[in-house]
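One structure is given below, encoded as structure tokens.
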Amino acid sequence: MLDKTGIAKRIAQEVKDGYYVNLGIGIPTLVANFVREDIEVEFQSENGVLGMGPFPFEGEEDADIINAGKQTITTLPGASFFDSAMSFSMIRGQHVDLTILGAMEVSENGDIANWKIPGKMVKGMGGAMDLVASAENIIVAMMHTNRAGASKLLKSCSLPLTGVGCVKKIVTNLAVLEVTEDGFKLLERAPGVSVEDIEKATAGNLIIEGNIPEMKI
Amino acid sequence: MLDKTGIAKRIAQEVKDGYYVNLGIGIPTLVANFVREDIEVEFQSENGVLGMGPFPFEGEEDADIINAGKQTITTLPGASFFDSAMSFSMIRGQHVDLTILGAMEVSENGDIANWKIPGKMVKGMGGAMDLVASAENIIVAMMHTNRAGASKLLKSCSLPLTGVGCVKKIVTNLAVLEVTEDGFKLLERAPGVSVEDIEKATAGNLIIEGNIPEMKI
Amino acid sequence: MISAFSFVFFGKQIFSFMINKTVANVSEALDGVKDNMTFVFGGFGLSGIPENSIAELVKRNIKGLTCISNNAGVDDFGLGLLLQQRQIKKMISSYVGENDEFERQMLSGELEVELIPQGTLAERCRAAQAGIPAFYTPAGYGTEVEEGKETRAFNGKMHVLEHAFDADFGFIKAWKGDVAGNLVFKGTARNFNPNMCGAAKITVVEVEELLPVGELDPNQIHIPGIFVQRIFKGAHFEKRIEQRTVRPRK
Amino acid sequence: MISAFSFVFFGKQIFSFMINKTVANVSEALDGVKDNMTFVFGGFGLSGIPENSIAELVKRNIKGLTCISNNAGVDDFGLGLLLQQRQIKKMISSYVGENDEFERQMLSGELEVELIPQGTLAERCRAAQAGIPAFYTPAGYGTEVEEGKETRAFNGKMHVLEHAFDADFGFIKAWKGDVAGNLVFKGTARNFNPNMCGAAKITVVEVEELLPVGELDPNQIHIPGIFVQRIFKGAHFEKRIEQRTVRPRK
């Protein structure tokens, strides 16, 4: 079974040379730390920066330079700042190659819910709806089950949707799955996790074809 | 009767303190020379400059700094350059206070034709259609009649339209006219021009109420 | 050629050409704000928010406001200050997760809330600035966001029709500005600010540095002064950091 | 706080992060251009046109092109060079008054021409860049331009529905650029160029100065590199002036 860092490490393998990548808040943010060193990748943050770098050294924080999680950041040489309309031109116009974000629920047809629990949690969708409606390559990073132990990979989402039929791949603490026309296709098992463990934790249709390899991290 | 410079001088009186003004090609360009010296006015050119100044001194022309007529220009301190989308945000978004342009025909309900003579002249509308569709304050600068002596102030335009019901005021070599619901209302006569001269040169409905004063230039 | 249509500017002092947008202070800048108006506010989180205008709105205690802003501040800063005094009737935002008082007022029904996608928020501002009354976007199709809105397929993909905002005042924070209203923003404090200039009937800008004309490079102006009605130097900027994240020096 | 989710970039040489968009020359930059494609060209008149890409298109003599450009050059420069060789099947422009050969080909029916309002041209480029499939504009309502298009009233005023362009290549001229594709334009040579970046499947940029990353101020980049696929230093820029207007020295 993977921890959050493990999920980030596995997703980092999906980041290819020449990709512009938008990272959501939480586990996705960690992905930046594990991208291969021999490829060129730029991180976009929807509040208006391309070419994000690491957090600043203590004492060098600048209130005017933050990421979408409102964290103080730095930029790398070659970075650019821009306004929100241009930022979403990048996203809506499909100039961003890969979007990695968290989810509360994913359905077997690729619907995603991650912005609202009616009557309880109403933080808002932020940029997530724009991202999932436009991105051609969306990977969800999340735990396979919620705190109560219920599956987050469902036949259909019970929570208000963020987007429909958009998720392509899911990396959880238990598995890597592809969203296909027929449901969640199991691609890889996390170290020490059996196919049966994954079956038990998956409420939506799970497709198991042949031998399922263990992830290499 | 006014010459082109006279028309420009009369229109310059319509330019008020605090106005952003877009000047069309031809007579309108001349207006800049006659604006009162004690007011603040900025000239916008739709190819992407606000705060246009005079032509450059000989030898100081820059191919990268031109106006919408493709003429080399200079800028004044406080000027700005911007892209075409932003330029038309200014125009379409009604941030420009006054538009002065030429016309081939104007109808008594304020339609304007100035971009095409079918089968003959097909230069294109440039920014004129955006300007006339959005500007709240449009003044047409033109000769009262065409080269053949026919009126350019008509019941309805015979040429393809640039915009409908948009012209508010017309300054010609003969008169100043306001476009009202009932037609062209005569406001002023050019020096030495009689009301009868104007009537003869106007094909659309001309409204003459009371004594028509002579222009002060 | 030496054109007959020469732009001569006979004898005119060219500096007098630019239209001066300066007002003396925040009080003058907010002249005309009233109960029940609609405002747009620049800023993302607490970065690039118009602190001085917000403080003045708190002081005036006008009520019944509709506020368009990506976020709603935190409990004790930014738009949270207006929420504390119950000045806001309705919020139009994309993300409000940092504000407990906001969540409380929303869940209790005291506060009307319209949550919309962040890109749609930016584009609806830009549309208002640009005289585009409506546009299609894929964001929100198949979700609560499309309810009551026209949807339509373009190139085989469904989109939602969204409209330009219609606001009374826009409150903007820029880094530098000149007296003609030309603006330059810094870093990610830029965010929604440029898109909101000219998106309301009156655009009020507070700057850290107010310069004479000619100090800003005309090639490097983010927002030309034509989109700005009033500009003033902010008396005080706290520039609070919401999530101070750093890395240790090695 | 020192976050557990720290962006560490362990050991990585940070310069290797930026995505390099440089190609060796104009020939490599135009790899893949073919007969019957649709292109967008930056420039207003002869100012800010992609001279080097146009010269290469002339050299390759590909035919049947649909060209989206505000103007059509003059008889012996700019897109006029493509017209001379009959390479253009269709022009989409707003103003073509400077080109006799253009007018001749159009009136004789050899050349298909779609004249559209200049602001609509700019906005249709920007829409393609921004993933907005369609938008409403008042320009052209009640004229030939609205023929065959949906019209609709917003706020009591009629508008026309216009669509984003769909082009294969965009040819752009910038002043300075860095190897990551970040661009800065100069003066009114900016014009349509920034709006056309990212508006076609492949955006090709020629610059006067090609810089290493880090040379451009990140606050002052007009177009971020994400909108650019290929960038090269133009071998030659004539920068011809169309209307040389000057004033006498006193």
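Here the chain labels run A, B, C and D in written order, and each chain numbers its own residues starting at 1.
Everything below uses one rule, namely that contacts are C-beta pairs under 8 Å (C-beta built on N, C-alpha and C of every residue); 3 or more make two chains touch, one makes a residue touch a chain.
Fair warning: this is a prediction, and the values are worked out from it, not measured in the lab.
> So using the touch definition from the top, which pair is joined by more C-beta contacts, B-C or A-C?
When A-C is set beside B-C, the one with more contacts is A-C.
> Which chain's centre, taken as the mean of its Cα atoms, is farthest from the centre of chain D?
Chain A.
> Distance from the CA centroid of chain B to that of chain C, rounded to the nearest Å?
Each chain reduced to its C-alpha mean, chain B and chain C end up 34 Å apart.
> What whole-Å value do you get for the distance between chain B and chain D if each is reduced to the mean of its CA atoms?
So the centroids are 30 Å from each other.
> Check each residue of chain B and list the ones that touch at least two other chains.
Counting only residues that touch two or more other chains, chain B contributes 49, 54-55, 58, 71, 73, 81-82, 85, 88, 91-92, 134.
> What positions in chain D touch 2 or more of the other chains?
2-3, 5-8, 123, 126, 130-132, 137-138, 185-187, 190, 218-219, 243-248, in rising order.
> Taking the top-of-page definition of touch, could you list the pairs of chains it picks out?
Every pair of chains meeting the touch criterion: A-C, A-D, B-C, B-D, C-D.
> Going by the contact rule at the top, pick out the chain D residues touching chain A in the complex.
Listed in rising order, the residues are 2-3, 5-20, 126, 128-132, 178-180, 182, 198, 213-214, 216, 218-219, 221, 224-227.
> Show me the residue ranges of chain B that touch chain D in the complex, using the header's touch definition.
45-49, 54-73, 81-85, 87-88, 91-92, 111, 115-116, 119, 122-130, 133-134, 160-165
> In the complex of these two chains, what residues of chain A are touching chain D?
18, 20, 26, 29-30, 32-33, 37-38, 40-42, 44, 50-55, 58, 71, 73, 75-82, 85-86, 88-96, 134
> What residues of chain C sit close enough to touch chain A in their complex?
44-48, 70, 93-98, 103, 106-107, 113, 115-123, 125-126, 137-145, 175, 185-195, 222, 239-249
> Applying the document's contact rule, which stretches of chain D touch chain C when the two form their complex?
On the chain D side, the touching residues are 1-3, 5-8, 123, 127, 130-138, 154-155, 157, 159, 163, 184-187, 190, 218-220, 243-248.
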